[in-house]
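By written order: A, B, C and D. Residues from 1 in each chain.
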Amino acid sequence: MISVLVFLPALFALALLCVPRANASLLKGIALAGALGTFALSCVLLPVAPAGAAQEVSDWIHGAVGAAYHVRVDGISVWFVLLTTFLTVPAVWAAFSYRDLARLRGYLVLLLLFEWTLLGLFTAGDLLLFYIYWDLMLIPVFLALVAFADTPSARRAAWGYLIYNLAGGLVLLAGVIALVLHTHTFEVLNGSFPFTPVLQRWLFAAFALAFLIKTPVFPFHAWMPAAYTQSPSSLVAIISGVQSKAGLYGFIVFALPLFPDAAQYFAPAMLVLAVCSILYGALLAIAERNAKTLVAYSSLSHLGLVLLALFAFNFTSLPAGVLMIVSHGLIAAALFLLVGFIEERTGTNELAAFGGLAAVAPRLWVYMLIAGMAVLGLPGLSGFAGEFLILIGAWQTQPVYTSFALFTVVLAAVYALRLLQGTMHGPLRVPADVPPPRDLRPRELGLVAPLLVMIFFLGVWPAWLNDRVPAQNPAIGHTTALVQPR
Amino acid sequence: MPQVPLNLYLELSAVLFIIGVIGFLLRRNPITMLMAIELMWNAGNLAFIAFARNFIDMSGQVFAFLVITVAAAEAAIALAIVVMVFRRRENADVDDISVMRG
Amino acid sequence: MTIQGVNFDFGILGPISVLVITGLVVLLVDLVGRAVPRVVLYGIGVAGCAGAFIALAPLYGRSATTVNGAFATDRFSWGFSAVLIFTLAVTLLLSSLRNADDGNSPASYAALLIFCTIGGLIMAGATTLIGIFLGIEELSLALYVLAGTGYPRPASEEAALKYVLLGSLASGFLIYGSALLYGSAGSVSLSALSAAASSLPLLFVIGFGLLLVGLAFKLALSPFHLWTPDVYEGSPIAITAYMTVAVKAATFAVLARFVYTVFGHDSVALVPLWLLAIFSMLVGSFGALRQRNLKRLLAYSSIAQAGFMVVALSGVGEYGLSSLLFYLVAYALMNLGAFAVIAMLGDGDEAYADIDAYRALFYRRPWVAVALTLFLFSLAGIPGTAGFYGKVLLLEQGFAGGPWGIALALALIAGSIVSIYVYFQVVWAMFVPQEGEQPVTAGNSWLTWVPVAVGVAGVVALGVIPQVFVSIVSSSM
Amino acid sequence: MADFFLGAVPLILLFPLVGAATIALFGPYVQRSASAFIGCLSIGLSFLLTVGTSFVIFPLSPAQQTLYTHSKFVGYWAHLPPDLIIGFRLLIDPLSLLWMLIITGVGLLIHVYSVSYMASDKNYRTFFAYMNLFVFTMLLLVMADNFLWLLVGWGGVGLASYLLIGFYYDRPVAVLAARKALIMNVIGDVGIMLAMFLMYAHVGSVSYQNVFGHVATIGTSALTWIGVWLLLGAVAKSAQLPLQTWLPDAMEGPTPVSALIHAATMVTAGVYLIARAHPIYDNAPAAAELVAVVGGVTALFAATIGCVQYDIKRVLAYSTMSQIGYMMLAVGAGAFAAGAFHFMTHAFFKALLFMSAGIVIHALGGEQDIRKMGGLATRLPFAYWTFLVGAVAIAGIFPFAGFFSKDAIIDAVLKLHHPYLFVFTVVAAGLTAFYMFRLVFLTFLTGAYRGDHEVHAETERTMTVPVAILAVLSLIGGWIVLPHHDELSFLLRSTFADAPFPQSMADFNGWLSFGVLLIALAGIAFAWVAYQWRPQIAAALHRSLGGVHALLTNAYYFDTIYHWLFEWPVLALAQWLRDAFEVDAVDALPALALRAGAYFGSLSNRWETGYLRRYGLTFVVGAALLLFIYLFVAHGATAGAAP
């Protein structure tokens, strides 16, 4: 069942390959059906949260170091799975307006393959499987970027994305192998293994480097702005919405439970990095002149907050981190999609080149307002819920770092308003060569609406999600061993 | 008559070997270089035979015979290749044969 | 059967005998019939390979010696022999392309390839210094000639000349090293050497050092690699493909035999080998970064890959040999596959040696591009391919292999990181939309589809269900 | 009946929300008047329910007056380990009821007023949607039963205020003003968040009940910090020092918005917060003192600025700031009932002032500069008289509402021994009277009309009726507190039962109020002298006090100071990070790696010269090195192996 879910998008991708490239409508239909079907199937897994877990194990590799084909979904990973399947639907739908219809088929195939690798990662119950998907997910994105690489910056984006993440992946591989030589199996979940402190630190460092690069976290984010800006918005919606969570997922599910002592040892460093990303991302978003890149930097800032939640080692902040992960996935996807719609209308994302769209596109204005306020952290929207619960938790154990992080609340207001007012308000300006922009079409309204609804829903009732996140997931169990609950 | 001690043979072979190496490095004519290489191989042969005599063991001599035979074949092939090169160029200075690099 | 006190077990010598006969048959057919079409001759060759396989099959998992113990079939020989024969078959298929080896007599070409492989088989099975020397020389002498068979191109004869001169130089070191080893042990059999290896007397150290130089030359380990790019670029594509795999297979058989029978578990005595490996990984990976000629790029990559394979031996561990063999099989599949694609597209000639010829190939020949992409992914070690699991096995050996092993493993990681760009720049060229200059020819011979298909199937299978091959390999020893 | 109203309390909250949603979703498909109707209707229904509820609540005994709604839907907003529980509940008690009455009541009047005031605007529907959204969030703010939902409402009113200040979004000035307002409000939100962090740390909850119930267990220092952080939120929302600079700019919004949000309701949320959190301030004297000081200083500070402004709405904005200063002073000093009282009366007369000013602006086609007015008393008599009522009320002239409420505050300040603050209040009272009548004279009297627009008559009933109602309320609104008979503090007694000071304003200090009245009259007299009887006096004052005048006109240069103190450094840092650091440091690493890779690559390629002899040489040297190393290692090995 889980395997079916994981490979369903890949199957639909294969189906797409059998359709003639010219038959656009059929292509779109199949792709959307694939995304929707996967989402529907993934909803069946919801009941496993919070306590339960669904597993499928079958014999795979034995020998010097054994590995099983082990897929599993538990109260933590189900949220990543649902996020993936939920965000892929609007992404695929948004891809219908892909700029080059001749290559629409290839692009849709890559999107679905990307979803497959992400689902595989979040359901992997075995370290080898996890690693396989960890690297595999880079390929569809890289190919999509290559198919786009007609400018030097796009070229740099593609190479930066690939080399940074693959290099991190190889470091992770070294860590994985060194780890399994002591566990003698890739089946490391829910087992605690006695490592010497030194070994623990080395392994944690190897894991953490890969995770920090993929998230990304300052100062490993050099690949991120370019990649986010250059990839089509439907793709970057998934990259920033889901793929950027892979590293955090790795921390929660592998690094923290496996190396609790090393995690404690490195916690100050990680917290410093987290605070740096939070403030640095916010400041760069303030100074940024390109709407897409601005959103990219804002997500750098918000994911730093999740890192803070993880390494504050606090009962409250960790489940709040999961909430923040989901919420940020929704917000980032919505914003990137909306910015993409703007780009389709104005042909650019440079804030200097256009503005005042609210006058001609009231619906777009409403959508941008909701998404913008969510990223600003307006109370009542999911962004605030995640932020606030993380901060109130982290404050209890790490007041100093948390108070630094608090500045981001104000900075977020600054850049969110820059984005909102820069694109929507002021007198109407569009580049000379483009026609006056149209308001959002029904398709565009429809595909973003679910995201906004969820943003509202999780903002008004975050407990719906947090009640379904295991309070005592392994990471919390291990890492807060030293933290006294008040 | 007195035995020539083993180490004299070895020293001689070592000297021959080094001469061969130096010759290979200094010469630019492939034929000469091949001769230098023959010198190295025969240094090996000398060592083999000396050891064989030392151990009163045939296998060393067998090895030497094999080396001599292979050397003949190898020389033939090498000369053929040199001739093939000659056919295009009038001279066969190895320094001129450096199209591929990098 | 026994001739003058020397016993010959033609069961053990089966593959060699079959290939010998095949070679002679090829020559005879060419002699009697006039203008025999190339395909027939190569067909005979391929049939011979099949026969050799059939002869090899019963030796699976067997361990026995013949020729008074000078030649053995055992865990060191079987797998490597299989790889050698497979390589021969693929090479013959690639050579059958229209533009391949013009201006040569196909019969002698095929026979040379076959005898070459016989040399490799001898190396794999030889248990004495004499046998090793004999095998190496037979392999090398034939290759010197084959390297020159791209005759009309000056590069080819340059390759031949460089190869023959440097090869003979290396042989000189090999011979002299063997002599000193013989002197240190009083016997040419490897088993006798292990006694000397335990105490490392001066003669042994110098002797093995010199021998190692000779082997390192064959493996193209840096700093004895300088000939590799030129020779690989100059030789015809089929021969280059053959060299990259067959020579490695045979020489690694020898090396593994040395490491396991002579040195046992004393990996310190092999420090020079480890240093060579680390150096090769870096030099090969970096050297490939700026190459625009695909053959040359793969030459540098093969330097690095040779270094990778050494990592398998670093622990001298229980699974070291099987890991080495697994990676060798993977390498044979992906490398031969890549060369097969190059050869196919150029129909045997160099049209597709230049990376720029691959511009937007995906949009012209999607399936070929996908196949080549797969091979390159495997070379780069992308998960789901044979190369990836091979690397996993290598790293397991490395990290388990003490300080030197860890150093080697880390060097492997570093090399892989560097070579990301190496392999992906080709992928890039194939998928980047804007068209490059149209290529000269774009052949599509079904004969070369065979190795490509085999390569694809193998690369995927070894990557997705490695267990099957791991068990085959490990129970072959 | 009672059960009906208590059961319907959630509807008070929901009607405006439903109204806003309806207008937003279906507004474009129905005619303009329909959305206006929906807007007014929803507020009207909330108002009726509120009135009904208050008739149920106020008669009850103090013990029963505080009640929490239990909606059918039982759940938590958040329920996180170890013990963070935040629920969905509404709180109804006299304090929140008072605010709800004003919000819905005045809100209804202003909605009706807007029907014709905004009639000509192209975003008519949007306006009503925003206004309803505001009323909803404001009600949420006062009906929340814990600090989190208070913060949700708090942010919500901030959003509504942002949207309405920036309502004319094609005016860059309006856009900037809106941005400024929202950012400053977010700073306030951070303050409230910090306060909540401390509450959670010490009490393990953020609900009023638990926090106020365990105030005793919290240390005084922590309590003081909580108070200070709450105050930060309050000053941001209520435009008190030092976060006051956004309010004058907020006057860029439509006049009804200024009346509702930036005079009557939202800006008093700070006062509500302090009054609501009075158990904290009762036990943290230092924090309470700070509140009082902030309030008193702001009252005087804003009043001085008000004396020199020429934009009619800005004058009113500064007077709002000053009047809220009075309220903050009152709640800070512990006279919570007095603060609430002044909030009520101020809501009446300030809304009145804005709306009659709105009539003037409307009639003059958007003109706001009083130098371009004058002599309008004859042309706009209705506006004149209503504005006069408001002015008299705010100036604190007997028997108008302002007299009673302001007097209660000054009285309390004196009683509670804040001598210097007492002086501030008295001086501010005089200044208030002065600048209000300066406004009256310059706008309606003082010679002939100086503007260039022709003056439209004031006809629309929907505009005049609400203004008239408010005028009446400004007159009688204060009579709820009369000597020896204080109805208000009686109504509020249950909320402030545990306050340390008696809340009753019944004991009436006649001499004091007489003195304050005289001071107010003096202010009026001076305004009359300087602007009506002998205008050259004002001119002479400007000349002689040029420096002071410039200082006041520029509001003590706060904007400039803040720009150079906060805005500029942050932006400069951000720019530097973007243009220098990101490029030179963050991208430097990969760039360096690439260059290194290319370098090593070229190294390994340049080695490959193609010259055979170079190859041979390398080969031989390599072999020699290898031998050397091997010998070295082997000897080390044997040496190591030797026993």
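What we mean here is this: a contact is a pair of C-beta atoms (placed from the backbone, for glycine too) under 8 Å apart; a residue touches a chain by one contact, two chains touch by 3 or more.
Since the structure is predicted, the reported quantities are computational estimates derived from the model, not experimental observations.
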- Note on the structure: centroid check, CA-based, most central chain -> A
- Note on the structure: The larger set of C-beta contacts, choosing between B-D and B-C, lies at B-C
- Note on the structure: Per the C-alpha means, the centres of subunit A and subunit B lie apart by a whole-Å value of 66
- Note on the structure: Chain centres from averaged Cα atoms put subunit B and subunit C apart, in whole Å, by 26
- How far is the middle of subunit B from the middle of subunit D, if each middle is the mean of its Cα atoms, in Å? 97
- Would you kindly tell me how far, in whole Å, the mean C-alpha position of subunit D lies from that of subunit C? 78
- Residues of subunit D that touch two or more other chains sit at 605, 608, 610, 612, 616
- Query: Which residues belonging to subunit A are in contact with no fewer than two other chains?
  - Reply: 163
- Mark out which residues of subunit B touch at least two other chains, giving numbers and ranges. 21, 24, 94, 97-102
- Query: Can you list every touching chain pair?
  - Reply: A-C, A-D, B-C, B-D, C-D
- In the complex, subunit C touches subunit A at residues 318-319, 377, 381-384, 388, 391-393, 395-396, 399-400, 409-410, 413, 416-417, 420-421, 424, 427-428, 431-434, 465-467, 470-471, 474
- Message: For a test of understanding, state which residues of subunit C touch subunit D in their complex under the given definition.
- Response: 161-162, 165-166, 169-170, 173, 199-200, 202, 205-206, 208-210, 212-213, 217, 223-224, 226-227, 229-230, 266, 268-269, 271-272, 275-276, 282-283, 286-290, 300, 418, 421
- Using the touch definition up top, name the residues of subunit D that touch subunit A in the complex. 24, 75-84, 126, 148, 151-152, 154-156, 159, 166, 169-170, 172, 175, 178-179, 182-183, 186-187, 189-190, 193-194, 196-197, 200-201, 204, 570-571, 573-575, 577-579, 582, 585-587, 589-590
- Query: If you look only at subunit D, which of its residues touch subunit C in the complex?
  - Reply: 597-598, 600-605, 607-608, 610, 612, 614-616, 618-619, 621-623, 626-627, 629-631, 633-634, 637-638
- subunit D residues touching subunit B - in the complex, by the definition given at the top: 605-606, 608-613, 616-617, 620
